[in-house]
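One structure below.
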Amino acid sequence: MNEFVVSLNNNKHSVRILPDGIVEINGRKVKADLSQINNCAFLLMINEKPYEIVCNKLDNGNFGLLLEGWYFETTVRTRLQETVAELMNNKLMESHKSDFKAPMPGLVLKIKKNKGDKVKIGEPLIILEAMKMENELRSTAEGTITSINVTEGISVEKDSIILTIEK
Amino acid sequence: MFNKILIANRGEIAVRIIKACRELGISSVAIYSEVDKNSLHVRIADEVYLIGPSPANESYLSKEKIIKLAKEIGAEAIHPGYGFLSENSEFIKMVEESGIVFIGPSSKSVEMMGEKTSARRLMEQNSVPIVPGTIEPLNDYKEGIKIANEIGYPVMLKASAGGGGKGMRKVFNDSEFEESFNRAQNESLKAFGKSEVYIEKLILNPKHIEVQIFADKFGNYIHLFERECSVQRRHQKVIEEAPSIFVDDETRFKITKAAITAAKACNYYNAGTIEFLMDNNKNFYFLEMNTRLQVEHPVTEMITGVDLVKLQIRIAAGQKLDIEQSDLRINGHAIECRVYAEDVDNNFAPSTGRITHHRLTSGPGTRIDRGIDLMSEVPIYYDPLLSKVTTWGRNREEAIARMKRALIEYQISGVITNIPAFNWVLKQKTFLDGSFNINFLDNEFMPLVPGKWKEDSADEIEDVAAIMGALLKQKNISLTTSKNDIPETNQWLNQIYE
Amino acid sequence: MFNKILIANRGEIAVRIIKACRELGISSVAIYSEVDKNSLHVRIADEVYLIGPSPANESYLSKEKIIKLAKEIGAEAIHPGYGFLSENSEFIKMVEESGIVFIGPSSKSVEMMGEKTSARRLMEQNSVPIVPGTIEPLNDYKEGIKIANEIGYPVMLKASAGGGGKGMRKVFNDSEFEESFNRAQNESLKAFGKSEVYIEKLILNPKHIEVQIFADKFGNYIHLFERECSVQRRHQKVIEEAPSIFVDDETRFKITKAAITAAKACNYYNAGTIEFLMDNNKNFYFLEMNTRLQVEHPVTEMITGVDLVKLQIRIAAGQKLDIEQSDLRINGHAIECRVYAEDVDNNFAPSTGRITHHRLTSGPGTRIDRGIDLMSEVPIYYDPLLSKVTTWGRNREEAIARMKRALIEYQISGVITNIPAFNWVLKQKTFLDGSFNINFLDNEFMPLVPGKWKEDSADEIEDVAAIMGALLKQKNISLTTSKNDIPETNQWLNQIYE
Amino acid sequence: MNEFVVSLNNNKHSVRILPDGIVEINGRKVKADLSQINNCAFLLMINEKPYEIVCNKLDNGNFGLLLEGWYFETTVRTRLQETVAELMNNKLMESHKSDFKAPMPGLVLKIKKNKGDKVKIGEPLIILEAMKMENELRSTAEGTITSINVTEGISVEKDSIILTIEK
């Protein structure tokens, strides 16, 4: 497994790791050499240019990378995994089902919609309190609310599914 | 001078105050909540006491416990930092009555300025210009709609007890009014314990200009020039600088004079800040007075050379101001970036976790004030401010160049921060030419969230990130992710103070 | 302005120069020897090249390789830092002839000032007072004994090619002369490639006062006031400060004027320092000129606000000085402590190893310039300077208080440092009242080595250390000790430049 | 093994580690609680006072401790080990034998004495070059040089035995 598809910034990059410290990125060959500083920090040399990179593993198994002041979340798959993922994704797209997740941990203050309501993108769904601020969360999909998994006054974890919208 | 000071706060400001104590040879006492046991402010204090469970109202907001502790351990003074109890006149009164010195203004001054509508009345009486609007809290939303129509939309609803952007709502027309009114009341109740809100005309595209003042207990007043804090998101300051490039000498003369008038009007002593909105024509309007140390005080320290926290302590101990107005001049330019644990692209959600890697920036003209260190927790319970990066330069361009350099050097792992977003801001024409106002981020940054603002980063950087991702996966390198990766030998003794 | 600068140095000064390049938007090129592959200066540069094996004369002193590399990669200028090739007029001449700009003075100026006896002749001609002694190298030790008797013992033997305390010996009488002469010649040969030594009368208990000057290529000269560097061990500066509390306004006027005269005498441009010895009566004597950036330049930067490295680069690029003498004034006080990897109690033996923990100090008025970061090596091959802690205060007392605070916060593991010894110095009356001279450490500290100076530390601290030792042993806690504890994924590509 | 003798700064401290986070130091009882920050850095609470301590293990197995700006090298022994060490030490004292070790790595430039020479404390023995400086190393013992293990021009490691002096 030396061929990877790396997704970041809505772009997909093809990376092949070749022998002798050579890496091919989107068809271009470069010298790449990695040194580890500690459990999070690395020094990556690309040809004659050094990059200090701080890495962390995200809850979903992806990597968060901080370099030159920029932060990227990357999804890395082998070529095979990528093909599978694309198939799965297409299936999901077909089902027209979209989970609306909590973007942060917080307290559900108010649920503004009911099961069965039709919603548009940008329509307020719930008010979540976090860090003493009320955050109005708006719909990221269009369709009908088929389930609501929370009630007012309960706390939710980050990424827990609040409700589901189907087209 | 005091021998022992209790610091009723946490995070970077507690650390800042401990440093001031150490430089003055004063013993510092830290208090901490359960989740903060590994915090930096706990590690570096001279004495530490567990004050209660993690939620703030059981720990850092627990007036009685804090005062009782201070008395028992012989602390002669309490420094409140900012936030928490710093502007709570009831707490300050309790401290005063217990015979302990409060490092800040009198409870009376705080009361006069804390209730925003009465502060507006006071300013009006003293000919300090205020933003048009009510000088009494609104009785109900219907009254609000009436007044809004009188002064003209858009208007701002604000918490009478407010500050720091909480309990504030813009309203553009009658139909939005009721819900905004209710939301503002709710937030206000939660943040300050009082639901009263009042109404102000929305000044279009103003700059936020504030003046740092200082007074001793003998009636001597000085100002330490202005700060500009117009780079805000949801009324929360993100980048501050001193001086403001928008303020010319004449305007500076007028606004600092107004600030001192405002401070005198409430018989103020210790450090305080008068916040103003300034329109395109350099007209300014009193917004509120912050009767405490500001988050952004380092930029003033860097252009004046005055250590504001040490001066606070000296004034509180009854010393006279040893600086006269004529001793002060603006030296260069300073900029501060507030580093928050937040995920910009995920609706600015607070990011919590344990700091697993922390490399500070260093070198000329660079200062970091930080509440974090290796292995400290970033909990959900409190403000997500991790640290503040401040840079100084002979002029604004140099300060900005140093900030860009400093932010690239600064590494934090364990939580996601907003550092990358500063990279974006520091490159924008609107920021560089100084024409930004308080709507800058809302107008120019927010439409690029999530993700689009990152497209500014060079393709080269994206390629490097992609290669790094692939190498991490291929080599199956283990990264510190969970809290269990770091050894913990045994538990702290229970030192709950009750 | 240049697009790309090659930095012919390592450690903290290479890092310092890279920061300046970054602030100016110039691409920085680092070179490194084999042992330095994980150095901070390599990590943060824009391009890096392995220049050769670890010994300096095969890497950082390799004139031809460095110039060849600079030409091949299109570097328009070379910054030499201090030490290594910075004052090597032959190297500078090679750079000049290769069409690359040398960021420093002309090879001619360096030559005039580099040979100490001819520099002394030049100063005498220009009425800059010099220390009594010879203005020609000694032919042999017998001639030396003759002259020593003429000017009177004690005398100093000094390397004509010297600087930085190498090749210097005090001689108190005829019987010591021959051996001291041979040792000084040997050291000189090793350090500078030339064995010539000359003789100076030993000024009793002088202070070391030096003046920072700057000149452009258009004949404009400024000075940036004086620094005092009297805290020395074996003629190596350990603590420096600016301004000197011993220098009054009248003396400052005279000594800065002499410094500018000295610089003009050798048609100087770029940054330079004129070192003087100052006796009890404030008479001063030219010691030598350092034709490069000084280690201690941060203290001058902090009291003047001028970024000396950026100014060096601008001047080298042919810009005019944009600062006039009247723009400059002394703002506050700054102190620098040089953190060395050395074991004070073990005969100041250099301590080598890998940096396994590094927590910087932070906060108001604190600056660190450092060559180390996590996992970088501290090798035996080079100067053991790890980093420099500089603090600023409105006055000397505040700068000292901040230095004490900063040093307590600063943590380095993997090598033993001299930080604890600063704790001792900063408490001594002789240091605090400013009465110290260049013999301060030799007279007051050295008699307490090994170990006795530590008895200053509180009993309380000793108890805590004892408890910690016992807990480490009982719990059998594993500590990072060996270089193998840190994972290393793979080897760097071989990028030897030949 | 809960009783230790800790030597530092030429003093010996008796430390007993008792149950419930209590430690007895030289007969005085305190609460002590240890948290580890990373492989070198610790936070030790003594009663209500926190101490940040950076530790490293020295080549000889002892500990180097940096706290509050002071650095101590400590030798920690259990009570039993201490007794044995004292006995050994007494024997060593009796033998009047003293090894003169290199205090730093370096190059032996000059050996100023010969085998069989009598030396006094403070007398120059060798010149060692390190960091481009010539260091004159002086005798720390009085007696006769019974062996010299180095020759001029060779490099020595730190703590390697240069010569031996017997009384």
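Chains here go by letter, A, B, C and D, matching the order in which they are written, and residues are numbered from 1 within each.
The rule is simple: a contact is a pair of C-beta atoms (placed from the backbone, for glycine too) under 8 Å apart; a residue touches a chain by one contact, two chains touch by 3 or more.
All values derive from a computational prediction rather than experimental measurement.
Student: Quickly list, by label, the chains bordering both subunit B and subunit C.
Tutor: Common contact partners of subunit B and subunit C, which must touch each of the two, are A, D.
Student: Quick one: how many steps at least from subunit A to subunit C, stepping chain to touching chain?
Tutor: Each step joins two touching chains, and the minimum needed here is 1.
Student: Please work out which of C-D and B-D is bridged by more C-beta pairs in contact, and write that pair.
Tutor: C-D
Student: Measuring centre to centre with CA averages, how many angstrom lie between subunit A and subunit D?
Tutor: Taking the mean C-alpha position of each chain, the two centres sit 54 Å apart.
Student: State, to the nearest whole Å, the distance from the C-alpha centre of subunit A to the C-alpha centre of subunit B.
Tutor: A distance of 31 Å separates the two centres.
Student: Take the average of all CA coordinates in subunit B, do the same for subunit D, and state the distance between these two points in whole angstrom.
Tutor: 50
Student: What are the residues of subunit A that contact at least two other chains?
Tutor: 34, 36, 38, 41, 52
Student: For subunit C, give me the residues that contact two or more of the other chains.
Tutor: Subunit C, residues with two or more chain partners: 44, 359, 373-374, 404, 408, 475, 477, 489.
Student: Please list each pair of chains that are touching.
Tutor: Taking the chains two at a time, the touching pairs are A-B, A-C, B-C, B-D, C-D.
Student: Considering the complex alone, what residue numbers of subunit C touch subunit D?
Tutor: Subunit C residues touching subunit D: 166, 183, 186-187, 190-191, 234, 343, 346-347, 349-350, 352, 356-357, 359, 380, 383-384, 404, 407-408, 411-414, 416-417, 419-420, 422-423, 451, 454-455, 457, 461-475, 477-481, 485.
Student: Touching residues of subunit A toward subunit C in the complex: what are they?
Tutor: It is residues 21, 31, 33-38, 41, 43, 45, 48-50, 52 of subunit A that touch subunit C.
Student: Taking the complex as given, what residues does subunit D use to touch subunit C?
Tutor: That would be residues 1-2, 4, 6, 8-11, 13, 15, 17, 23, 25-26, 30, 32, 34, 36, 38-42, 44, 46, 51-57, 63-72, 74, 76, 78, 103-105, 109, 129-135, 137, 158 of subunit D.
Student: Applying the document's contact rule, which stretches of subunit B touch subunit D when the two form their complex?
Tutor: Contacts found on subunit B: 37-38, 42-49, 373-375, 486-493, 495.
Student: Give every residue of subunit B touching subunit C within the complex, in rising order.
Tutor: Residue positions touching the partner: 15-16, 19, 22-25, 44, 298, 301, 305-307, 331-332, 359-360, 362-370, 373-374, 392, 394, 398, 401-402, 404-405, 408-409, 475, 477, 489.
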